[in-house]
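Shared chain: subunit A. Partners: subunit B in the first complex, subunit C in the second.
Take a look at the complex of A and B:
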C-alpha cells in the first residue's frame, strides 16, 4: 500500500520537476546560458494565474493560459533585457560572459521575486485547479489534479521531443546545441534559433509554474529553492543533456518522496543533495553529461 | 522707567520659560515599528500602530505630546531587524520599539533591547523563550515585553477549546499533532503533548516538518494512516499550501489548532476557498466583539487600509495605547520609568484585558492568559467568512465541516 502511494506521489512530483528542468537544460544546451532567474519566471507564471482568478475573476483555463503567456513574455524579457546585451557586448571579454550572465540572471530573478513580494506579499498563493476531486487507484485516494499534473508534464515533454526530433526548426535547435558554428555555416541564423529556444523555454517554465501553483502552491520564497532544484537536477543529469535531466528529475523526485514517507518529511531534500555531492565526486559531468 | 523695564524683562523671561516648556511638552513620543512589510501578518503591524497613534494624537496626544511612529521594513530577517533596531535607537532616538511577529527575530532583538536599554514589545511572536529570558536575567532583559500569548498559553487555549468543542460536543478521542519546525512550536508541542491527553485526546503521532515544505501529500497520508479524529496544528510560516492540499486530497480529518495564516482575512482568497472548515485559534477576529473596542478598531482599519487587520494588527494597536498610558503614568519616556509603568499595565484593548506577568512568574513580562484577561478564541472559516465558534459567550456559529470531512459523532 505504502509502495503504491510512493509510486503515485513520486511520479507526479518527478514529472513536474522534469518539466521544470527541461527548459532550463535546453537553454544551456543551445546557448550556454545558465538562467538563474528560472525559479522567478515559474513563480511569476503561477502568481499571474492566481491573480487572474482572484483579482480579475477569470476561469481556471483562462487563468492558466494567462500564466503561461506571462512566462513567455518574462522569458523574452530575460533574453532581450539581460542575456542578449551581455552576449553582444564588446566590453565584456568572451570568457567572462558566462559569469556575467550567471550573475545578471540571478539579480534579475531577485528583482522579479521582490516585485512579486511587493505587489502580492510573500504569502503563498495557489492556482485554481483545472480539475478537482479525487479518484481511487487500487484503493489509494489520489487527487485528479495530481494525475492531471503528471499527464500534462508527460505530454509537454513528449511534444518537445517531437518538436526537436521531427520538425525542421527543432532539428536546427538540436544542431545548434551540438555545434553552433556549424549551424551558422549551414546558413541558419543563430539569433532566430535562440529566439525559438527562449520561446519554448517560456512555455515550458510557464506550464511548470502554473502546474506547481495548482498542485503545491508557490510564494515569492519559492524562487530560490525552485532555481536550486532545477539547477541540481540539471547538474545531476549532466549539463545540457535533456534526457539526463529527465532521468535525474525522476531520481530526485522519488528519492524525496521515499525519504518523506519512510524517514521523515523534515529530511525530504537531504538525500537528493547528498546524492548530488556523491555524483559530483564520481562522475563530475553528471549522469549523461558529455563533458 | 525702571519698573517698566523690569516688568518687560520679567515678561520676556517668563515667555521664554513658557516657550521652552511648551517646546519640551511638544517633543513627540517616538515609537519605532520594525515589521515584516511584505508578509500579510507583518504588514498590519505598522498600519495598526499608525492608526492608534493618529487616534491618540487627534485627542491631543499624551500630556500634549504627540505620538510619532517611525517604521522599518525588516524583510522577515533577523539581521535586518537588528540593524533597524540600532538605527531606531541610535539615530532616530525612539523611546520604545514595537517589533515583529517572528520568534526568531524577537529573540535576536531581545539582547539589543538590553544593550541599548530601550523598551521593546513584540505584537505577535510566541516562543516561551522570550519571557523566560526576562525571568532568568531580569535586570538585563527587563526591557523586553511579550505582547502576545506565549506558546504555552497558546497550547492551553487550543486545549481549552478542544475540550469543549471536540471532546464534549463531538466525542473525539484521538489526535495527531502536525507542526512546523520553528522556535515557537517547540514549547507549543510540549504544551500540546501535555494538555491533550488531560482533556481526553490521545496523541497517536506527532509530525514535525520543515517550514519550507511544499508537498504535504506524504504528511497527510501518514496522518491518515494512524486514523485520528482530529489534526491539531501548529503552523504559521506555512498555511496556504497545507490547507489547499488538505482540501484537494480530501483528507477526511478536521484541522484544529494554531494556523496563523488562517487569521488573515485574505486566506480564503489565497487558498481558493480551500479554507472552508479550518478551525484556528485567534485572539480576535473580524466581527467578533471580544471587547467593545474590537469592532470599531477593525472597521476603522478597514476604512483606512482597505483590508482587515491580521492578528498582530490588534496587538500592535493595543500596544500603542498602553504605551501611551504607561508614558502618562510614568510622566516620562525614561526607559527605566517606562518599564516600571508598563509592568503595571492594566489595559482593556481589542483582544481583552492586558496585564503582564511579574518578576517572579516564569513568563515575566508576557501577557496574562486566563478568564477575564485574554483567553483567545476559536474561529472557523465558514462560507468564506471567519466566524467565532468558541468561547460560547462570543461564539456566533456552530462547527460546520465540508462534505469530505468525516466527523461521525455529530
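Take a look at the complex of A and C:
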C-alpha cells in the first residue's frame, strides 16, 4: 500500500510546509518584507523546545509553548532590530530597501544560526513528541505524532483564516495587504498592524518549527534549506497570496514525497525545483499571484 | 574613464597593488595563501557587483556561475587529462553558457522572483553534483590531478595579477557608457528603453561578462586548491559571502567589492581563535555596516572625499 503511505506522509509534510510558509507570505503581503531569517527562527523555536526538555527538564507541553514564545520574541527582535531601521532609514533609497532587507535578514538569520551552533552544537535535535505511539490507518502503521502534526497545522491555519476574515484586527491586516495607503486614510496605524503581523508570524513560525523538531528533527544546518523551501513555496503560490501558498505547499510536499518513495530519497527536492523554474517561465507571478 | 586615471582613487589603487605585489618577498606562505584565496574571492564579488549594482539584478546565485566554471574545469582535467590552461578557458566558457541560461528568466521576471530563480539554480546545481557523484566526487569533493604551480609566491602573483586585470576591465566597463545604460535600465527599464537603448542586449552583455569572470576565477581557484567541493564553490553560504562582501565594500563601486572580499577572508582568519563565533562576528559586523553605512566601506570613503 505504497499509495496510502505516500498520501499520509505527504499530507503531514505538506501541512507543515503550508504552516511554515503562511506566516512568511503574510508578512510579504502586508509589509513587502521577505524575511530571509525565516529558517533560523523556525530552528530557534525547535531548539528552544528541545532545550526545555533536555536542559531545563520541562514537560513536552511547556517545552512546546516555550519554543513558540521564543519564536515570537525572535520575530519581534527581527522587526525592531533589522527591518524597521531599514524601513525608516533616510539614507537608503526607497527602491533599494528591498535588497537591503533581503541582505540584512539573511545576515540576521546567519547570526541566529551561528549562536545556536555555538551554544547547542550542530548536532541534529529531535524534540520529544507530545503524543507518542502508533496507530493503524487502513493497515498503514502511522505514528500518532504524524497525525498530531497534520491536525495542529490544519487547526492553526484554520484559526488564522478565522482571525483574518472574522475579526476587526484581522480585517485591518487584510486591508493593509490590499492597500496600505487606504488603511492609513481610514485612520488605522500601519505601525500597529505591522506589529500584529509580526506577532502572528512569530506564532506560526514557532508552531511550525516545534512540530518540525518533533516530526523530522532539526539542526543548525536546516536553516538554509528551510528558508529556501518557504521562499520557493511562497513564490510558487504567488507572493502575498495565502491560499496560493497553501496550494503550493501541498504541490511541493507531495511532489517531494512521491519522488522520495518512487525514485530515490536522493532526488527528493529536484522535481519541485524544476517545477518552480518552469512556473517562473510560464507564469512569473506564481499560481495565484496578482501583479 | 579618463578622469579615473587622474583621480585620487586611481593613485591609491596603484599604490595598493604595488605594495601587494612585493608581499611575497617578505611574507610567509601562510599569509600569501590566505590572500590568494581572497583575491579570487574578490573577483567573485566584483562580478556580482556588476550584475547587481549596475544591472539591478538581484542575483542570489553567484555560486551557480562560479560552480559551473570551477566544476567544468576540474572535471575536464580529471577525466580527459588535458593540461590546466585549456581546462580553465573551457570552464570560463561553460560559465558564460550558464550565465546565458540564468539571463533568460531575468528578461522575464524581476526583483524577488528573479532572486528566487537564481537561488533555485544553485540548489539544482548542488543536487546534480551530489547525484552524479561518480563524475563530480559528490559531497566529498573532486580531486584535481593538476595544479597551476605549487610555488606560493607564483600563485599569489597570478591571483593578484588576475584580480587587478579583472578589476580594470570590470571597473572600466562600469564607468563606460555601457555601464551607465546598465545602471539606467536597472533603475527604470521602461524609461531606459524609451530613450532608445536596447536593454535586452545590455543585460545579456552584463550577464556574459559577469559569468565569464566568475567562471574564470572559479576555475583558477580550484586549480590553486587542487580540489573542487560543494562547500567551497557552490554552497549557498559561499554565495552569501560573495553578496556580503560586495555590499560591505560598497555597491556600485566594483573596486569596493574586492576590498570587502579581502576584508571578509582576512577577518575570518583573524577571528579563528574565537572558534565557532567567527562567522557570527563577521555577520554582525556586516549587518551593522549595512544598517548604518549603507554605502559600504568605499561608498563611505568616497562620499567623504566628495564632501571635503
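Quick note on the criterion: the second predicted complex is superposed on the first by the 291 of 291 C-alpha atoms of A that agree within 3 Å, B and C clash if a C-alpha of one lies under 4 Å from a C-alpha of the other, contacts with A are read in each partner's own complex, and residues count from 1 in each chain.
Assume contacts are C-beta pairs under 8 Å (C-beta built on N, C-alpha and C of every residue); 3 or more make two chains touch, one makes a residue touch a chain.
Source: prediction; values computed, not measured.
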item: Which superposed partner A:240 touches (first subunit B, second subunit C, both, neither); value: neither
item: Which of subunit B and subunit C A:118 touches, first, second, both or neither; value: both
item: Partner chain in contact with A:274 - subunit B first, subunit C second, else both or neither; value: second
item: Subunit B versus subunit C as contact partner of A:266, first or second or both or neither; value: both
item: Subunit B and subunit C footprints on subunit A, overlapping residues; value: 117-118, 266
item: Complex contacts: residues of subunit A adjacent to subunit B; value: 5, 9, 13, 53-54, 117-118, 121-129, 132-134, 141, 143, 145-146, 216-217, 219-222, 225, 256-257, 260-261, 264-266, 268
item: Complex interface listing, subunit C residues touching subunit A; value: 52, 58, 104-105, 108-109, 111-113, 115-117, 119-121, 123-124, 127-128, 130-131, 187, 236-237, 240, 243-244, 247, 276-277, 279-280, 283-284, 286-287, 290-291, 294-295
item: Of subunit B, residues touching subunit A in the complex; value: 38-40, 43, 76, 181, 207-210, 212-219, 221-222, 238-241, 244-245, 248-250, 261, 264, 266, 269-272, 274
item: Partner subunit C, residues of subunit A touching it in the complex; value: 34, 82, 85-86, 89, 91-92, 95-96, 98-100, 102-104, 106-108, 110-111, 114-115, 117-118, 224, 228, 231-232, 235, 239, 266-267, 269-270, 273-274, 276-277, 280-281, 284-285
